[in-house]
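When the chains are written out, they are named A, B, C, D and E in that same order, and each has its own residue count from 1.
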Amino acid sequence: MAGIELKHIQKAYTVDGWTFPVLKDICLQIPENRITVLLGKSGCGKTTLLRLVGDLEEPNGGEIHFAVTHKTAFVFQEPRLMPWLTVWDNTIFGLKKQSYDTGEIQALLETVGLDGFQKAYPHQLSGGMQQRTAIARALAYAPSFLLMDEPFAALDHFTRTQLQKELIRLQKSQNTGILFVTHSIDEALLLGHKIAFLEDGCIKKEFLLDTDCENRDLLSKELIELKREILAQLHL
Amino acid sequence: MAGIELKHIQKAYTVDGWTFPVLKDICLQIPENRITVLLGKSGCGKTTLLRLVGDLEEPNGGEIHFAVTHKTAFVFQEPRLMPWLTVWDNTIFGLKKQSYDTGEIQALLETVGLDGFQKAYPHQLSGGMQQRTAIARALAYAPSFLLMDEPFAALDHFTRTQLQKELIRLQKSQNTGILFVTHSIDEALLLGHKIAFLEDGCIKKEFLLDTDCENRDLLSKELIELKREILAQLHL
Amino acid sequence: GCGTAEDTSSLDSLTFTYVTSPLNLPSIVEKEEGIFTKAFADDGIEVKYAEITSGADQTQALAAGDVQVLYAVGATSVILSAANDADIKVLNMYSRSPKAFCMYSKDESISSPADLRGKTIAGPVGTNLHELLAAYLATADMTVDDVNFVNMGIPEAKAGLEGGSVDVALLAGAAAYQTQQQGYHLITDGEGLINAIIAVAVTNKFYEAHPEIIEKLQSAQAEIADFMQNHEQEAYEMAAAELDLDVDAVKEMAQYYDFSTEITAADKEGFQRTADFMYQAGMIEKELDVNTLF
Amino acid sequence: MKKIHSAFAPFLGILLLLAVWFLLCRAEIFSPYLLPTPQKVFDSFLRMLFSGELLRDVLISFIRILKGFCIAFLLAFLLGMFRTLLPAAEKYYDAIVQFFRNVPPLSLIPLLILWCGIGETTKTVIIVLASFFPMYLNIVKGFTGCDQRLLEVGDAFGYTKFEKFRYILLPYASADILVGMRIGMGYSWRAIIAAEMIAASSGIGHLILFAQQLSRTDKVIVGIFVVGLVGLATDKCFGFLLKKLFKGNGENGWN
Amino acid sequence: MKKIHSAFAPFLGILLLLAVWFLLCRAEIFSPYLLPTPQKVFDSFLRMLFSGELLRDVLISFIRILKGFCIAFLLAFLLGMFRTLLPAAEKYYDAIVQFFRNVPPLSLIPLLILWCGIGETTKTVIIVLASFFPMYLNIVKGFTGCDQRLLEVGDAFGYTKFEKFRYILLPYASADILVGMRIGMGYSWRAIIAAEMIAASSGIGHLILFAQQLSRTDKVIVGIFVVGLVGLATDKCFGFLLKKLFKGNGENGWN
């Protein structure tokens, strides 16, 4: 079976001597070449789950199976840019010394709307621009699997729509697998092939969408129905 | 005339030796005891404008008139918590050594959903929790004027709705003036008495809403109409 | 450090330098027996000690007024300070010990000044040992420039000799004694070459302002000499304890020292010889008539 | 197994050193005068320990160092603070501070004797000179390197300059200050010989110097060991104390 | 007006010092033996300058210091790097490093002569001993204090340990490393007397020491001034060079 499989994952943290479980028993199948969206309340453990999948942290229990070795890129919740590098250098940070096509990077920066700021340092950027640089850094890496932690939270309506489209295009053309954390139900409905709803340390519910993301209409009967269902879940 | 008045404000930044104007000619009247919402694309200068109003930066030209001396609090776009202080200590950071009511602070932390995390350090919090701590810090200060830079961007649907309600309640009971930056048009419509739309270094358009914020229904004909108008502006 | 302490005619304390190495028996005996303390107790003057070993620092401290009596200071240091216009007066002698200043090497074949040509020789500049080297070389019409003289302290010179990076070391005191015990080759000692004078010195100003103290000091020194004569063994034991050496070693080394305090014509001559040497070596910039020192 | 190994590790280096020393003496490459055998040194150590002289000397030096170190720290801290609160004042004294930073304290001894006499003052001043600069530079670095964004939070909440200093700059700079203090403490101990060169009759520096003059290499080595170990111990105690004091900072992943 | 004032400020402190000195000599509180007049010192300075001896001495000392400093920096950097890349190795040598950090270099001179002779090696070693520790501690602090969140970015992009070191740790720690280097450079100059105590026949440290032994306070003061000024100049050049090298860092508001 392709993709990534989480089996009975547990993770606990200790704060002030008091240990509490964040993830209690996560079973989740993340398909390859598809967009999986993770929904959940603030502080429910979405970032933690992403970090486990991205191998930045070890689970306390359970297993994670990777079908193939992925070239993974991570968009963190905060921009995490290197303050001593310009936008350009931050963008190619993931590429290390390996050769890259200058034109491609330039096109990428244009896509995220940072053209003209190639030589600016992070502290000279607005919050949204920093986040976009971080997205550009992850995309420049040309990953086969992309982990994104609320990447569009700091962006305005239109920039957001534009990048969502870009993401869908990328996913289709490169067959990239994406695990996407968001707070916005609309965004989840627009992007996800699979929507997982995280609550109380478990995956409470999964929704599968079979329409192609490219042609989704939020006002279609199907999606309105689904949205209602999700909202009902949240009210629990 | 009460409130804050910006007259022909200009502000330019220099990046890599190239000076570009961010704010070109801002004229804006920010009423006292009301919520003013600032809308605009990412990177258009919203944070810059807020910083000017908050006296963290000097304009290159123009004048800012304050009707009365305000006790101003600032919620930055990033959490900006002191890493060496616990959530509790960060919350009372604005109060310095002045006396405060422990019960009130506790109630505030419960409102923002951080009960139980009083002794946690910022690096032990999720992104949304950090942002909520920053909001609690500003509210604990009991300001007469509150500047908020995308305070709810990192929050999920429900936490966000809850805090929006809390903000409206606070504004009513304390008569606090609020300048609120957001990317969400819905949020603007829910909260604002006045919505200012920033584009290309100028206030392109202002909208005044006279219904009481408490009873707004986003699906009311009036607001749908307004939303359409704003979206049209954005498409320019 | 108030430079004007000595101006007040009534002193309430008197600071002596206290130097025990290489083998300053009078100082050790004096302190152990409390001779100065007793002598000045009647006048209500408190006796204090300052352990300053470096000659240059001693004369500095004297000029600064922190110390009133340099009890055991090398003739070279006295001359240097006088040549640089400091106010200094030699009260009496402390010791002469030409035989305690030696030149050692590992190489048995060195037996004349000519053999030293081009060799690396280590010792402290501007001291009796430096003068010893110059005087020894002068016997064969050579100068210090004919050898590779390097400036370093006695412990360092000894370490250099041992480690092999130095051909000849100029040594005195315990280091010289040990080197001899180790069986190194003695090239020469100071006998007949230098006078190796150590003196007791004060400032002229002090000398004139406090004749009664000078007088007491002289009689107290006589008392020390008496003690050393009558309780020789005891004095050696005191020194051995103070310096943490064997009594036998102390006895052996003490032979080289003449502790009589009297200033003889030979001493004055020795002073002049040292002053001339220093002038010729460029260590002082003008000729000094040592009679102004006494 | 692994734990024992780990506890043992710090001593491994030292043991190796001792082993080399022992073998060198065994091979009789150097005369015992220059490199006394470990046994002889240990004997001397015991003798000095039991006669009480060692303890007394260490104590005296320790008090001197503490005095000098405290003065140096206060000075460095105040000047650093002054410079931070009043950046305009800095250029008046910076040149002098920078000048003296490069001057060998040994060269100042004659002048120090002149100004401060031959008493404790001179010794203290030498220790101050030795430990002031690393502390000052680290403190200044800590203060100037503070995250501007956090300082702005202070501005936003109406903090005065001094309050910003106290509640933001100071905690932020604490890591730098601590490193400065540790370096400064080390340099205080290192300066003990220079300090006790002048008219000292006791102290571990005097002990080493005196032994050197009398060619007692065994005593010199005992002295070196004692200074090194006592310095190490002070450093550890010091680190421990500071950890307690700055508890919040040490354990929040911040330092 | 304000600009002139500001350019003048650094000299104000120095001028004040000179004025006090001049007045003290005028008042004849101290004998000229202890505190020569500024004129006399200036005369000596000119004489030494024109005879060329001063320049030669400074140059020789400068080369020595550069040598010692470079070795010390390399050592400190490599050990710091080693410790960062291989944290397990640290405990093996940390105890020894910490031990020697507190040992006065003056006490080691006889042992150094024994091991390294009286040539340049010993002098270099003394300078290395003087400047190694502040650099090492600052470098270690810089490396260990690195923001974990940025290091995780490296992990996320599949950086190796070494790459993380090179591209994240190193730039991040550069401020700390620079402060360490400046302190280390200062300490190199300060050690010049101790270094040239041993069998030197030239160098500014030797000049001061020799003048001291010959009670030539005027020459000592000239030496002190020259060391202080040359040190100051090295420091400034050094700061300038490093600013050029680390250009990106210096001007992005990060340092």
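Quick notes on this one:
One rule holds for everything that comes next: contacts are C-beta pairs under 8 Å (C-beta built on N, C-alpha and C of every residue); 3 or more make two chains touch, one makes a residue touch a chain.
Which protein is which chain? UniProt says A, B = ABC transporter ATP-binding protein; D, E = ABC transporter permease.
Source: prediction; values computed, not measured.
Any chain that touches chain A and also touches chain E (ABC transporter permease) would be listed here, but there is none. The minimum number of touch steps separating chain B from chain C is 2. The interface with the largest number of contacting C-beta pairs joins chains D-E. Centroid analysis (C-alpha atoms only) places C farthest from chain A. Averaging C-alpha coordinates per chain places the centre of chain A 84 Å away from that of chain C. Taking each chain's centre as the average of its CA atoms, chain D (ABC transporter permease) and chain E (ABC transporter permease) sit 17 Å apart. Taking the mean of the C-alpha atoms as each chain's centre, chain B and chain D (ABC transporter permease) sit 50 Å apart.
Note on chain placement: the centre of chain C and the centre of chain D (ABC transporter permease) lie 35 Å apart, centres being C-alpha means.
The residues of chain A that reach two or more other chains are 78, listed in rising order.
Touching two or more other chains at once are residues 30, 34, 110, 114, 209, 212, 217, 253 of chain E (ABC transporter permease).
Annotation for chain C: residues touching 2 or more other chains are 3, 56, 60, 64, 155, 158-159, 162-163. Inter-chain contacts occur between A-B, A-E, B-D, C-D, C-E, D-E.
Those residues of chain E (ABC transporter permease) that touch chain D (ABC transporter permease) in the complex are listed here as 6, 9-14, 17, 30, 34-35, 91-96, 98-108, 110, 114, 133-134, 137-138, 141, 145, 148, 175-176, 179, 182-183, 186, 189-194, 205, 208-209, 212, 217, 220-221, 223-224, 227-232, 234-235, 253, 255. Within the complex, the chain B residues that touch chain D (ABC transporter permease) are 54-56, 71-74, 76, 78, 80, 82-86, 93-94, 96, 121, 123, 141. Residues of chain D (ABC transporter permease) that touch chain B in their complex: 149-150, 152-153, 155-159, 163, 167-168, 171-172, 174, 248-249, 252-254.
Residues 3-4, 56, 59-60, 63-64, 77, 80-81, 83-87, 120, 122, 124-126, 150-153, 155-156, 158-160, 162-166, 283-284 of chain C are the ones touching chain E (ABC transporter permease) in the complex.
Within the complex formed with chain B, the chain A residues making contact are 13, 15-16, 40-43, 46-47, 77-78, 113, 117, 119-120, 124-129, 132, 149-150, 153-160, 183-185, 234.
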